[in-house]
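The two complexes that follow have chain A in common; it is paired with chain B in the first and with chain C in the second.
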Partner chain A sequence: MSDTTPILRINALTKTFNEFTALHAIDLKVHDGEFLAIVGPSGSGKTTLIRLLVGMDEPSDGSIWLRDQRIDEMPANKRPTCMVFQSLALFPHMTVGQNIEFPLKLRKVAPEDRKARALELLDLLRLPQDYYSKRIDQCSGGERQRVALARALAFDPEILFFDEPLSALDYRLRKALEKELKDLHARTGKTFIYITHSLEEAMVMSDRIAIMRAGRFEQIAPAEEIYARPVSRFVAEFMGEVNLFPIRAGQAEGVTLSPAAASAFGGATGTLMVRPESLQFLEGEEHAELTFAGRIEAEYMLGSRVQYTVTLEGGQTLIAEVLRENAMPGGPGTPVRLGCAAAACHLIAEA
Partner chain B sequence: MQRRDRQLGLLYAAPLTLFLVLSFLAPILLVAGFSTMPAKVFDLAHMPDFSAYGEFLRQGYWKSVAWSLGMALVATLILFVICWPLAYGMAKVFKRFTLVLTIGVVMTLFVSENIRLFGWVLTLMKGGLIEGYMRHWFGTGFDGLLYNVPSIVFGLVYVYLPFMLFPLAQGIAMVPDDARQAAYDLGATRWQILREIELPLAAPGILVGSLLCFVLSAGAIAESKLLGGQAVIVIADEVETAFTYGQNWPLGAALAMVLIAIVGGLAIWGIGRADLDRMIGRKG
Partner chain C sequence: MKPSAFTRAALLVYGIAILAFLYLPLVSVGFASVSKGRYLSFPIRRYATGWYGEAMASDTVRDLLFVSLKVAGIVTVLSVVIGFFGALAFARYNWRFRKTYQKLILLPIFFPQTVLGLALLMWFNAIGVIPSWKTAIIAHMVWIAPIATLIISIRAYSFDPALEEAARDMGAGTWTTLREVTIPLLMPGIVSAGLFAFLLSWGNFPLSLFTTGADSTLPEWLYAKMVSGYSPLVPTVGILTVAASATLLAVGLTVPWVLKLVKRKTAA
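Moving on to the complex of A and B:
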């Protein structure tokens, strides 16, 4: 990312509803042309944040800057930003064409030019031209999605916000649209800020991910970094199934560390994160840098992989995922030993 | 299955349909029959005679119709303008207070229209509440506020307010909040949101409220008699006179038929356009 002025900058933005603080003085910088995903569990304040950014609500404190202009006092209809609603919020009394042309009509663009632009956008979103005069209730969920996008693009915003626009769609359509959206981002070169509670969705599409928790950003980083080096247990767990072991003075209960690994962790205190897919079954008396011993509790087929739940000797539960060809014969009850390399683990400073 | 449902539906609807036909269509047919009776004959079995309709044109009864329709139109427009913000508040802003407002408005319906209008007569007349106090305080009185066209329109607005308010609130409740917000986000001003989003989406409520008010006002008689005195004669008054003092049943029936045709035509046209299904929440 370049050092130029960010397109959007948020300073100590706070929002309180009566007694309840939904956003705690958060900071954020978004670069021009970036695809930023904001991910967090339900109630973490994602919608609240986006409503402040588009101007649908007023912040209790802090400031919002669009390039060099402070915009937090500016009403939503004057801001050069636009949002695709969770509900899409298409206008049911208008045709597809009229919906798309709506922002242009407000700007008094001539009808021929409006129509030309609407047809262009239909094309961009891979909708047939004859959809122009279709009614909204004749469109399928995925088509409506595209109409909502086309309408937002017709507005030609500086930043396009999305509030979980795909959450109502079925899995396959969602997957297809995720890719399309990423593609659209590349083709339009606009700045996209996308809210979702699915990390998977965020990973597929975005340049950077901001993980939100109870009104704060827990970590803002590219997907690989969040995946490999989560800053907290919350982020680690949010990323999917992981094994977390408290580590104190270089010793973790339930894990046997080789001398090399012990010195690598150097008497650290925190949480050791071991991904299920980093684990391998060990044969005989073989030792790895990190070794776990226990008994298989359950096994699940995950297509090309097999997932095991292992109860360790100390009583902890370990989740391991191996390729089908490396699977352990024997099933539940079998005593097993598993190992992984220290480099594949990540030490989280938080206990 | 669907076919059977349909048949069953028709069967269940049959008694009510029969009742409606008898109680609604039959009187209209009867009035239509009377209207083609030769004057002073009183016999339904006769050659149809349309002279009563000729009377309507010759005697200037169309003026009364025009007054009725004109005042109904003005009252409906005023009602729409007054009720829109109120209904908006009821549907979107007041929340708990809406119930209080609803009860307040409905309560007025428990008192007969004539009694309420008499209340206004006592308030507005010369020596009444307003003029009396004015004279008491300032020493000079005036002619009272009654017996003119505006006071009739005022009466219509006052009496038919609930008939506009509730359908309108229902209509406004049908406008999804997110559509309003999306329009705002896309750059619409308050005024553009009203014109492009709220009015079209609340149209069924607007149509039903306006039709009710217009139809009721066009056939109203008490307002013009009590508040208007002899300022203008409305068509309902002419109908009554023709049947009572005039003893000219064909004329009364013909006048009634004209009013029914105008108002009924309008109502059918209007209801044909309103999406009543959406209004009672069966779809969308």
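Moving on to the complex of A and C:
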């Protein structure tokens, strides 16, 4: 993946539907070979964006560049990109082989070469070769997913777009396919742009995540950075469960700060973010840089971890998650103290 | 829940009664066509199949058949073409007054055909067009094209537009998308619409009566001969007409299935 030559560049891209603006002059650069996930809640504009990128809709303003070529005025069928649709859009009147060969047939590739490539792709996607003549309705959800991927790869696109293709699958299959997609990305070296509303999916697969909200990018960064250092309250909350405390002039209500922590946040104003897994139960007179005191309200078993809802002395609610072996005996009603290091917290500055 | 013996018996009787109600008149026409007597009376004393030979050899019947086939064939082709593009316009595009237009287009289906026939006849006279089998085509189209549109629309509404988008995304132009994706997926609807269009035109009497002028279709001739000049040739031609419809229906239902089978075998 090169840092200098973006394969895709979006400049001030805008899309309006009558009075409603779905995309507000957004900019984006995607690097060659990158796996970028675009994540956002429903109505954030991610599907509108992908439809503009593949040419299904026309932008109201702005431009889209593929390397040095402007493509936003190019019809969908002339763009060197391809999309795996949410519904997969496999042709039900064609066999698996005919589906995979479709883009090759359009390019007038000889039938024997088409078949050879289709069989090669079946291998790549770990589908048995006898699936070549199977009907689409004879394939399971996961197999259809692989056929759709094989068809898209047969097209050999510069960029492969995905519009929430795993959303209709059950949890176990989704998890398995997430890993397969990441593996496929590594094996093909193609640029993947993946739209999803599932943060988990995005975190497992992508090199970078772009968080969308109301037609704008809220933050674009690697998953780790977005998780640990969100730029806004929205991103912090979107990236999973989080404890947020308003902080004014270096003081946060419900949190006892050690002198070191107080100087670290010296006079800051904004929101203090503490992830549930950063918290630990404190024993006896043990102290931490940030200390929280309260009572356990509820306890939830999450497999290898245990989650607690704690009501703090000031009335705020705190969520803490610890490994099972570090679980707090006593259950609901037990008075507890929790702590974390200042370095594990993040201050979201006020906009 | 398992039905009781009484319920099963009642359902059987009900089923037989319904079938008898639907098919007994047709069976009696069949008997009339093989009765040697001029008029049908039971029990039939002497059977004869000579009327079938006479019907086959008759120039009149051949002319009637030709006119009916010509009208029904042209109506079928035109109705399917109009219905196909109409269905796509309704199901694929959002345009102003679409729903109102859709209702207005389908309205002729509910008009009494005699009134529609009379109105068309008056209109042809007003613009100076002499009624013939050609005007019958227009008359049949007014009634049948909306039905074809409705049948194809049902299919068009039920298929995922993402399939056409996917084809375009992979490099297919408008015509290629139509040929490779849209038409094959709408084919069951197109075949059904074609069959309906043909059979409705083939058996139509009220519209033909008003609009064929000096020409005549088989149903018109059957009616005219019932009114005056009846002979067992009338039920014979009637039975042959029904047999032609049934054959077409059987072919129409079988051919797509056979084609699918052949295509699957070729793909394998």
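Throughout what follows, the second predicted complex is superposed on the first by the 347 of 351 C-alpha atoms of A that agree within 3 Å, B and C clash if a C-alpha of one lies under 4 Å from a C-alpha of the other, contacts with A are read in each partner's own complex, and residues count from 1 in each chain.
Criterion: a residue touches a chain if its C-beta (ideal position, glycine included) is under 8 Å from a C-beta of that chain, and two chains touch if they have at least 3 such contacts.
Just so you know, these numbers come straight off a predicted model, no measurement behind them.
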item	value
Simultaneous placement of chain C and chain B on chain A, clash or fit	clash
Touching partner for A:56 - first (chain B), second (chain C), both, neither	both
Touching partner for A:46 - first (chain B), second (chain C), both, neither	neither
Which superposed partner A:174 touches (first chain B, second chain C, both, neither)	neither
Which of chain B and chain C A:155 touches, first, second, both or neither	both
Touching partner for A:144 - first (chain B), second (chain C), both, neither	neither
Touched partner set for A:133, first chain B, second chain C, both or neither	second
Chain B versus chain C as contact partner of A:95, first or second or both or neither	second
Doubly contacted chain A residues - partners chain C and chain B	54-56, 75-78, 82-83, 85, 87, 89, 91-93, 102-103, 106-107, 151, 155
In the complex with chain A, residue positions of chain B that touch it	176, 178-179, 181-189, 192, 196-197, 200-201, 284
Residues of chain A defined as touching chain B within the complex	54-56, 75-78, 82-83, 85, 87, 89-93, 102-103, 105-107, 137, 151-152, 155
Sites on chain C touched by chain A in the complex	160, 162-163, 165-173, 176, 180-181, 184-185, 264, 267-268
Touching residues on chain A, where the partner in the complex is chain C	54-56, 75-78, 81-83, 85-87, 89, 91-93, 95, 97-98, 102-103, 106-107, 133, 135, 151, 155
